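First chain A sits with chain B, and in the next complex the same chain sits with chain C.
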Partner chain A sequence: MQRNVNNDTEALLSDIAKIENEPGYNHAFLDEQTKRMVRRAILKAVAIPGYQVPFSSREMPMPYGWGTGGIQITASIIGKADVLKVIDQGADDTTNAVSIRGFFAKMAGVATTEKTSEATIIQTRHRIPEDKLTRAHTMVYQVPVPEPLRWVEPRETETRKMHAHSEYGAMHVKLYEDIARHGRIATSFDYPALVDGGYIISPSPIPKFDNPKLDMSPALQLFGAGREQRIYAIPPYTKVTSLDFEDYPFEVQKWEDCCGLCGATTSYLDEIILNDDGDKMFVCSDSDYCQRRCEAGHKGPFADDRISDEQGERNAS
Partner chain B sequence: MYVAVKGGERAIKNAHKALGKKRRGDVGVKELSVRQIQEQLPHAVDRVMTEGSLYDPELAALAIKQACGDLIEGIFLLRAYRTTLPRFISTRPINTDKIDITRRISAAFKDAPGGQMLGPTFDYTHRLLDFSLLEEKEPEEDCAGDCGEDREDNPPISRIVDFLDKEGLVEKLADRTKYELPGDLTREPLLFPVDRDVRLQNLVRADEGFILSMGYSSERGFASTGGHPFVVELRVGEVDVEIVPEELGFTVCIGEITVTEGDVVSVYSGSDKAPPQFARGYGLVFGYGERKVISMAQVDRALRCRELGEDIESPVQDEEFVLSHSDNVQATGFVEHLKLPHHVDFQGELEVLRRMRDEWEVRVEKRKRLMDQTAQNDKGQGETCNVM
Partner chain C sequence: MRVRKRLKQTPLLQVQNISKFYGDLAACLNISLDLYPGEILAIVGESGSGKSTLLNCISGKTGINAGEVRYRSRNNGTIDVHGAKEPVRRHLARTEWGYVHQNPRDGLRGNVSAGANIGERLMGTGSRHYGEIRSQAEQWLERVEIDPCRIDHQPRTFSGGMQQRLQIARNLVSGPSLIFMDEPTGGLDVSVQAKLLDLLRNITADLGLAVVLVTHDLGVARLLAHRIMVMKRGQVVETGLTDQVLDDPHHPYTQLLVSSILV
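Let's look at the complex of A and B:
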């Protein structure tokens, strides 16, 4: 265990010199020593794809479980020139995404965007954008439970050994039991994946629909779990395989309906209950993707019922 | 028809405005000052300081005010502030032998050098609502007169557990003069198994209610070892906080803090290496916090099972279970994050559930058909049997 007295006056002075955006706080909230510590953990995570690197997570001004791991990663890598996009459930306008985006706009003074194509850092909870990511993107995932083996074995001391020995039989047994009991693998999100033939990871609670996007992605993908104090990574162009069996291959969700607004048939759809009779419609969970398709003239069956943003704001407030 | 979930930003602003209004309450009532909280709600302030890991009564009182009295929220506020503070230096370990006592009791001995001193305590009060407190009173009525509080001088007070130590009845401590910087889980992640220093830090920061319940469980029998716990000593008082600046090389006192400290022992039946003796549990918190100190010491004692070679059979002896779930800031964050939208995952589950239900119906139908068929066949065979 490291037992340094943090007495790095140089870093301290640079902290004090950098008070620019929010008086009393350093650029992007965290002090420079903490950022360095987080960046060291990130480097280690990139060097050992899929390995969960313990890091000394800090208390953030948002609650644990609300994205503190992702926020600490973003705070540690974000520079003045970065453009930040934050999504929650695929949407830029969900309350927690709005709150985190506002936090960085204020504390780091960076430009923010809702467009996937404009962003350099995309912090996300529960989704990967529909648009293809590029080398210019860094994905930052908010992870609630980083340990994919947690539901098989609750003890950290045990799961660490299982990872070290690649002892993943229990995970396959769990999936097999699903098939024996339900005739299919009943995991619909947080679907375990093998990174570069080495470690099994939790891809965070993204729907399994998004798992194929992890594979050979040109973007650097960083995963931060604040409460559980772990960081792990998938470097660009890394093989990521979702666990399955030869006779029960991995498959993703499909919908019979299309997006009610933009008519998309290949995106992840959310279900919306329209009235007390339980009538429903489906819309793209990726709000930026849907918006751009609408602007390009694509129309779904409910496109004309859409109310304006201003009206929506009035309803919401 | 379709209500867009737009306007998150404005909704958040309005919600915060509403919170400010709720915090202030009826504007016809005088606003509560931070100073009042600090002076008149000291137990709340002390709990927030202890679990917030920051000794600053004024900021703790501010946190309580800002959190509208929600102590866990207050603890969270203080922690989030604390984490941004630069570390200049580590203090020397506080020396509680030199404590300026306001309360000191021992449940193990009727009397001991230094005596017993009740001090301000709820103990032995009758829990009858004091309706006279409904009225605001002038200070003289309550606080005038000697309550036997002040001691003339401040001689060091022997630790009662040391008397047991002299007889060899309690386990030896590691050399107390040897100074080693303890682990710090606000700077290093919690990794199992943990040493006692980090465990104690975790327990100090832990939720009082959780630690109370875990301690209670050990007392009710959910711990197979360690007999009845005895509070050998409980002391409350002020201690000096000292530093040794590198450039000076000598000790400088930078202030005083109030702490509550407790030594709890219970019988340890010994092993091949150690004779039967009392084993120690230790508790320490900022301010007045006896409930937390005693239960912390119980949990510390129970968690020493690995070190003492005792069987691990109960939740309170399970280091991962206790230490991973003791922090109320972590716990409340994760439990309350369930309020965040989960419609993407929920959609995934809906899809799986609908498909599973469809398949279930087909399966049940099929099984029913097969059973009917078998029954039919059995019946046919049964008749044949009868004939034979």
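Let's look at the complex of A and C:
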């Protein structure tokens, strides 16, 4: 339940920031030519909303699947004045989020934050923050499989043609299959969406709960797939429609419980198993949102069971 | 009767002097044919005679080196199949045309249910009502004599004959006017073949479908086709009404073909 900002981590990050100008490394790790190439791909992606632009993805100092696509986009657009927030599963304090923040603090010398309102660039894998995004934000998504049609059509040559000719019947085949098997559209993440009436995209593994946030968002949204070497984008204020059937309309997940810590009823909740007896609680997946609500005095049913910093350390030792 | 009716109509498909070369080899040479609505044309010949290449050329799957293929579409006037842009051709192929492959696995999606296989064309042309798609799929399953309770089963759990019938249903759901068939009964045993032929004959007659049928089996041609074209080494050696050609073959090669089977 430890969700407080860890002061040690912050101190470590600022220490790291001091050694940014190490010889042999460029600002934000990538060399200027590479960043230029990525920026050109981004420009093209923004110009053709939802179109997957191929780019020559570089090897990054982390394995594929850990966010190499997102990190290349962030590296190409980040300036000294930017403030970076990185979330993984909605949380700022997970391993991947902490190490990517550390990476940019060291390699670009930028300020990092866990607060959505302070950030200018938010790199994410599974979530869109609960707070309303503004024009000041740029979202960077780490995408594992950018091709929404891959599930029905394994050939890249064919899927490109299907996109080019808007032959999107096959995409509904997937939803049909869901209803036939489960009685409802059971796809709950990576839910296909139509961008500006043109291309269908895979919105990375965000839950379909977040799909409505893609629509008419004031923030620029960039998607990077490192292994698959594709970049695509949703420009600000672009119509994004989630696919559905007339008799099975698109709907998002709902919970009967509220967040155990902050009592929120409108946020995306993670289920946490508490003990071997199967007791469980739900908490907001967006840790920054939950934290701020707790600080503002909102209380959920488990709020008093929270372990303070000191207790946590005592328990650990 | 039928002949007189045909004369009044314009051809659905006109093939004029098409040729297809692979290097120096002429897979099809100077072939012309007219196909009228509701007519079934069989292309017969031995292996390697260019039957399948001709079918691919007509259906726009392969490019041609000379000649022209013109199709009279329902709403968009006459379309020059090879001169048209790719999206036009692909749209035709999944709306007004159908293509039945010899191996049903080439024509079906193996990882989705029978219902989704049939519904794909409907969804591709803008149908967005699950209930309607499903009820149409059920009707078509019944029509091709597959128990509708198998609608949610995957095609790989079906027998060969059922897969072939499912493939036919998947093609017919969009109400095509022209179907290309490449050895539709090829991999099936004799009793299943007979049943499938019976089904094909009924359905094509009911729907008034025009069919271009490629087969090496003269029995299939005799049962289904109104007209027949005999090919040898990429050229048409004889053409005419099915019964005429098979009962009174003129060309020595056709005589050889007819005499080599026990029909």
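By our rule, the second predicted complex is superposed on the first by the 288 of 317 C-alpha atoms of A that agree within 3 Å, B and C clash if a C-alpha of one lies under 4 Å from a C-alpha of the other, contacts with A are read in each partner's own complex, and residues count from 1 in each chain.
Keep this in mind: contacts are C-beta pairs under 8 Å (C-beta built on N, C-alpha and C of every residue); 3 or more make two chains touch, one makes a residue touch a chain.
Remember, predicted model here, so these are calculated numbers, not experimental data.
In the overlay built on the shared chain, the residue A:189 is in contact with chain B alone; chain C does not reach it. Residue contacts after overlaying the shared chain place A:250 against neither chain B nor chain C. Contacts of A:176 after superposition on the shared chain: chain C is touched, whereas chain B is not.
More residues of chain A are in touch with B than with the other of chain B and chain C.
Residues 1-3, 5-7, 12, 15, 25-26, 29, 31, 54-61, 63-66, 68, 88-91, 93-99, 102, 125-127, 144, 154-157, 182-184, 186, 188-190, 205-209, 227, 229-230, 253, 255, 260-261, 268-272, 274, 281, 283, 285, 302, 305-307, 309, 312-317 of chain A are the ones touching chain B in the complex.
On the chain A side of its complex with chain C, the touching residues are 152, 161, 164-165, 167-170, 172-174, 176-177, 179-181, 244-248.
On chain B, the positions that touch chain A within their shared complex are 1-12, 14, 76, 79-80, 82-84, 86-90, 180-181, 183-193, 320, 324, 329-330, 332-337, 340-345, 347-352, 355-356, 359, 363.
Listed in rising order, the residues of chain C touching chain A in the complex are 86-87, 90-91, 94, 109, 111-113, 115-116, 119-125, 128-131, 133-134, 151-152.
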